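Should a chain be cited, it is by its letter among A, B, C, D, E and F, assigned in written order, with residues numbered from 1 in that chain.
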Amino acid sequence: MCLAIPARIVEKLDGDAARVDLGGVRKEISLALVDGAEVGDYVIVHVGYALSRLDPEEAAKTLALFEESGLDLQAIAAGSA
Amino acid sequence: MCLAIPARIVEKLDGDAARVDLGGVRKEISLALVDGAEVGDYVIVHVGYALSRLDPEEAAKTLALFEESGLDLQAIAAGSA
Amino acid sequence: MKYVDEFRDGDVAAKLATAIAREADTGRDYAFMEFCGGHTHAISRYGVTDLLPVNVRMIHGPGCPVCVLPIGRIDMAIRLVLSRPDVILCTYGDCLRVPASEQLSLLKAKARGGDVRMVYSAADALALASKHPEREVVFFAIGFETTTPPTALVIKQAQAIGLANFSVICNHVLTPSAIMTILESPEVRDLGTVPLDGFIGPAHVSTIIGSRPYAFFAEEYRKPVVIAGFEPLDVMQAIRMLIRQVNEGRAEVENEFTRAVSEDGNLKAQALVSEVFELRRSFEWRGLHEVPYSALRIRRAFADWDAECKFGLAFKSVPDNKACECGAILRGVKTPTDCKIFGTVCTPENPMGSCMVSSEGACAAHYNYGRFRDIPVVAEPSAAVS
Amino acid sequence: MKYVDEFRDGDVAAKLATAIAREADTGRDYAFMEFCGGHTHAISRYGVTDLLPVNVRMIHGPGCPVCVLPIGRIDMAIRLVLSRPDVILCTYGDCLRVPASEQLSLLKAKARGGDVRMVYSAADALALASKHPEREVVFFAIGFETTTPPTALVIKQAQAIGLANFSVICNHVLTPSAIMTILESPEVRDLGTVPLDGFIGPAHVSTIIGSRPYAFFAEEYRKPVVIAGFEPLDVMQAIRMLIRQVNEGRAEVENEFTRAVSEDGNLKAQALVSEVFELRRSFEWRGLHEVPYSALRIRRAFADWDAECKFGLAFKSVPDNKACECGAILRGVKTPTDCKIFGTVCTPENPMGSCMVSSEGACAAHYNYGRFRDIPVVAEPSAAVS
Amino acid sequence: MAEIKKGYVRPLDLKTGRIDMGHGAGGKAMAQLIDEIFARAFANDYLAQGDDGAVLPAPEPGERLVMATDAHVVSPLFFPGGDIGCLSVHGTINDVAVMGARPLYLAASFILEEGFPLAELKRIVDSMAAASREARVPVVTGDTKVVEQGKGDGVFISTTAVGALPAGRSLSGANAQPGDVILVSGTLGDHGMAIMAQRESLAFDSEIASDTAALHGLIADLLAAVPSVRVLRDPTRGGLATTLNEIATQSGVGMTLDEKAIPVREQVDAACELLGLDPLYVANEGKLVVIVPAEAADAALAALRDHPLGREAARIGEVTIDPNCFVQIRTGFGGKRMVDWLSGEQLPRIC
Amino acid sequence: MAEIKKGYVRPLDLKTGRIDMGHGAGGKAMAQLIDEIFARAFANDYLAQGDDGAVLPAPEPGERLVMATDAHVVSPLFFPGGDIGCLSVHGTINDVAVMGARPLYLAASFILEEGFPLAELKRIVDSMAAASREARVPVVTGDTKVVEQGKGDGVFISTTAVGALPAGRSLSGANAQPGDVILVSGTLGDHGMAIMAQRESLAFDSEIASDTAALHGLIADLLAAVPSVRVLRDPTRGGLATTLNEIATQSGVGMTLDEKAIPVREQVDAACELLGLDPLYVANEGKLVVIVPAEAADAALAALRDHPLGREAARIGEVTIDPNCFVQIRTGFGGKRMVDWLSGEQLPRIC
């Protein structure tokens, strides 16, 4: 449920409005539900509203966690598991 | 101006309404503007309203007047004009 | 169709034609005005001209409600329907194509989104208002005395049932005032540029007003009047009766249409009309300018159903197209072919003046039915009628 | 697409698959419920099942707002829009096909003349109301905590600008109550017919409510919860984290979706929601029957924008199609293929139950993406992926 | 269409069902609609190919192709004497047939309005299929689109017919020559008046029925008897008057008609009087205008009258020399006037 | 159409004029509209015959006819990459071309809504004429109807194309065989997404343009290089997914696709993510699905890539044995799933 997608703020518009970019597609959304989002930030967009900012560091950490499996595999190969 | 056509009343309906016949075509009209029109009478119909009753005797007289020309022609032929 | 076909009989027509030819004095010209578009239409539609002697000339009068409706009245209706999406403007089919300002017409206003609907009868407009209580239904009423009583009736009915969303733009006009205007025109009265030997009087208008109102013209202006039906034999017979009056030096009101017209007319309808309407001090007629006491407006007591009051509509006079000769044609001063743009810029497709709109208009009648006469026929292998 | 494509990487998926296979104890089965349709969709759409060991089974939960919307709520909206031509009913595309009574749906009500419009955003519904002051614009709002704040916002905006022709039918429901209901169900709690070793917790709901609300379940019911994003790698990682908790005997709330979810969630959105909405004592969920304190209604202060008050709408509970097993499926008790009419009478073309509507519904996901698995493949000349 | 293996098990609800947007979206709902309404009614081998286009036998050697198309937008959809379904078959077949060609194939495209009752759609398609069978001109390919409510008017049907024109045959509106005789195959104005009688704003009662019919049988008989026919045309929109003006203009000739000779049913005549219309401008959907050399006129008239659709055929006038291309008429009254093109729309008038 | 001698002297007002009911009534106003907008734009000898049907040279001896029709009802009428005019030419030509036939002639019927601006009509017709000239497929006959405001949607255009199919050539959706290879001629979903971007309710900005194009040139090159092609089809409404399911069902086979190999532009992909749609179900108007025997796949791919319309052609899957006629896909993620028919309409979703 709750289809939402991370998009990058490319322009802040009047009021709470902002323009976001997703793979070259631009759409006007509302920032009324998040504080402090700035141009360049990624926000999670749902039904035309940003729900939260996306934390790039946490994203990188999560991606690194996925790769843990690779590390473990090496450990297995080394017979240490 | 004032396109109007003689049609025969074939049925009296509720209120002032009546059904008239013109060459086999039937249409509902209003008799609100004429008094005393009955089934069988011809009325002059304009924009869905009967404007007056048509007097069959007068119609016959007028047709006869047209033919006067024929009588005169005979008179001419007889050299009396 | 009984009482129709008998009055269109070609054999009788031939006999009447012979009679007219015989009775007309070859030593003089006769010029008669058929006041009504209905007569104009019959003359063109049935080719009556072909059956008349060359010295009998028919002049088309202003008796076509569409033709005399001034631009400003249509503009008023267009402004209303285009500015108020809640308005349904209904009117008779005849009005839809009348040219108004800015190259618009009610038909074109419809194409621009106005809710304009054609009705067959005033009663249909009333029914529409009952059916659409959430809309404002405005009936754009036109017509001479013939068409006025139905309008009076629906206004009374709307009042009786308290139908608040119905109203009427009243454009009803009066025949006698128009005839008077023509008789008073300098061309007829003083200059004599329009020779006028008599009138064919209205058929269906007279079913309502009777034959009496014409007596004044016959007496005061010494013009014979013959009230005639709208079938072609009626017209021919009326011409014959007018020729006789002229020949005999009479100027009387005669009634050829006795099968439907009495001296008094329809008193019930007359009473209804005077209950609902009153005279306007003055009203603009296309071609005749302002004509005093020539039209009706809705009485105060029925003001709630008077769209002009209800919506605060203001009439603004708009001059005709400069090239258009409608005015002169309606007064009998000119004929359609005198107009420089007849048949070129002005056609039934793109009428510049109102006489090109209704098939009763002098220009449209000549364009649709008669313009072949303006062009010499090169050759014709098959014989035409003699 | 940054932050999207990285989380769909097939090479990483293969490594994660190996890791899961290695970490899963072959001596036991694992049954996890993904609460959200978003996860259900990701699993089906990307074929995640193919990458899981056979002893890891995913149970689809009730986390699809379309699937849990009871027939009676849609009926209410249909009755309104069909009985009042002045109403424009707008809603998200997802709601249009949900089957209601009398073989209707909002889409079919539209075909019957109801003015039903799809909007992309609650803001579009508000804009529609400003644009059509002569109409009543009713927004049929559905969704979990994710979709609720935008609805709260437009209600506040309507109040601020005094937009009297806008109102909302509020169907917003709450995730924790639904999870609780499942955990309290006899099948899970007493009968043990639904083995449930842990939950994948909502992604976008949690951006709003944060991770804290799940602590109760972990502690009280001893079930591990991993909040995860809706991309397929997120799902796989969450499964791996759940397997680890099970293996290690832990029952904690873990957060895989730290890039967007904090412990507290979006406090601004939470404040807005509690300003505009209050708890309903009870609300019907499709498949779960009445669930206490599981939904929101519009507060008294905003009653003018509450369509249920404004139009006096009454909810009438309507039983599901008898053959439909949606309820059992939503509680994890049955799977789509347990339903006798799955894929025959009930298809996405003619859904009998709501699980066949949204592509997040368990039945639709299995029908659209997975039903080839139910049928033995005869032969296949080209090699499939291993 | 190919037999589409049903991913749907429940048949269409032909009693209370209605068209929704899904029926035009290209997916399963559309496949089912096509399968259960269109393919079933039109059933023929060409349509059964189920591809984007139908593969069809070409005309005989030496023959040329004739192609004609018409959009049908009639309101009401059902009227005395027919409906939009059979009309859409006849209207296009006739345009091919008046060129002297054998109509071979029909293509049909439907624009359906959301909310349109399936029961009415089925009635229309069945009527269309019956007309196509009777005419022996199969509907070999088709298309269906759905538009939102308020953006259509129930059903619009565009049909295109392809026919084969025998070598050496040349019929064209440009072929009329001074001295030729003008015939019509029967009474005029029936179709248009049958439609107008149904309009809410005009409603009157009559027995007037549309004359909608496929004319290729009548034309085949006529051409077999009188190969020298120069022009054939079906006087549809704009009526006889407009059709004759078109031909006069195309051929650079004039025409003179005899009003008394033009066949018009009494009720059509009466309805025209009521509404202030002229039957010469009222549409026909099963009538033929024939122009033949004078010497062949009697034979042509006889051939027309031998066919059930030509029983009331009449000789109505002659072609004349006229660089102005005017069509004139001798009125029944004894005068003469022009018969011009239809101007604008035929609107009922009060004056 | 014949040169209609003008009973009108004032040209159409192409700046501010609008369609009114008179333009469809069959009289002079219609003649002028046809003359000044349609005949002028489409100008060709067949149309100039001015009769009810066009007389046309038949196909070469031994060739068969192919006939296809489509109604076009797109909204908005103008969109990035095209408009309803060129679309209506391409859409129908393509249906004839995918049968392997040379498209020869087009018939076009227009349903215009009262009030539609003449300027826009002219733009559309000019675009249609340009597409027809470029494709060298003339519009040989046509029809125009006008419907009242609120009973149409600006302009609907139904086109029918006739083509000639060389002897011995047989392309059909029923020809796919297990082991065959599936190709597409380029990126998917461009047309549908270009349209959706314009919808008021969804509006987003992108550089996505419709791919609308006539494919018969590309097809001619392909068939010249690889005569063994078994199936061609243009994946229009319902997208690639529905087209492949149709073919699978017609041929009684299964298919397996490789998701990674399917070309989709980044912006189309992104727009689909935003709206919750799947590019495999989004319409194309200038793309080709090609099914060839495996041994001819490389040659076919090369032939496609040699043509400007096939630069981004790709091999996307294989035909399998499957009595259930399922289309399956290996996801980029490494799993497998079905790709079913489009169900209902593609609606943007929030969940």
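We adopt the following convention: contacts are C-beta pairs under 8 Å (C-beta built on N, C-alpha and C of every residue); 3 or more make two chains touch, one makes a residue touch a chain.
Chain-to-protein mapping (UniProt): A, B = HypC/HybG/HupF family hydrogenase formation chaperone; C, D = Hydrogenase maturation factor; E, F = Hydrogenase expression/formation protein HypE.
All of these numbers come straight from a predicted model, not from anything done at the bench.
Contact with chain B and chain E alike is made by C. A turn of 180° superposes the CA atoms of chain E on those of chain F, with the angle given to the nearest 5. Looking at contacts between chains, the pair that accounts for the most C-beta pairs is E-F.
Relative to chain A, the chain whose mean Cα position lies farthest away is B.
Chain A and chain D (Hydrogenase maturation factor) have CA centres that are 21 Å apart. Centres computed as Cα averages put chain A at a distance of 38 Å from chain F. Chain F has its Cα centroid 63 Å from the Cα centroid of chain B. In chain C (Hydrogenase maturation factor), the residues that touch at least two other chains are 1, 4, 37-38, 64-65, 92, 107, 120, 124, 143, 147, 347-349, 358, 360.
In chain F, the residues that touch at least two other chains are 7, 21-22, 28-29, 266, 269-270, 273, 276, 340, 343-344, 349-351. In chain B, the residues that reach two or more other chains under the touch definition are 1-3, 5, 22-23, 46-47.
Residues 178-179, 201-202, 254, 256, 260, 266, 269-270, 273, 275-276, 318, 320-324, 326, 328, 330-338, 340, 343-344, 347-351 of chain F are the ones that touch chain D (Hydrogenase maturation factor) when the two sit in their complex. Those residues of chain F that touch chain C (Hydrogenase maturation factor) in the complex are listed here as 7-10, 13, 16, 18-22, 28-29, 32, 114-115, 149.
Chain A meets chain D (Hydrogenase maturation factor) in the complex at residues 1-6, 8, 22-23, 30, 32-35, 42, 44, 46-49, 51-56, 58-59, 61-63, 65-70, 72-73, 76. Taken together, the chain F residues at the contact with chain A in this complex read 203-208, 266-267, 269-271, 273-274, 276, 349-351. Those residues of chain C (Hydrogenase maturation factor) whose C-beta lies close enough to touch chain B in the complex are 1-4, 6-7, 12, 15-16, 18-19, 22, 36-38, 63-65, 92, 120-124, 143-144, 146-147, 149-150, 153, 202-205, 207-208, 229-230, 233-234, 237, 240, 256-262, 266, 268-269, 272, 358, 360.
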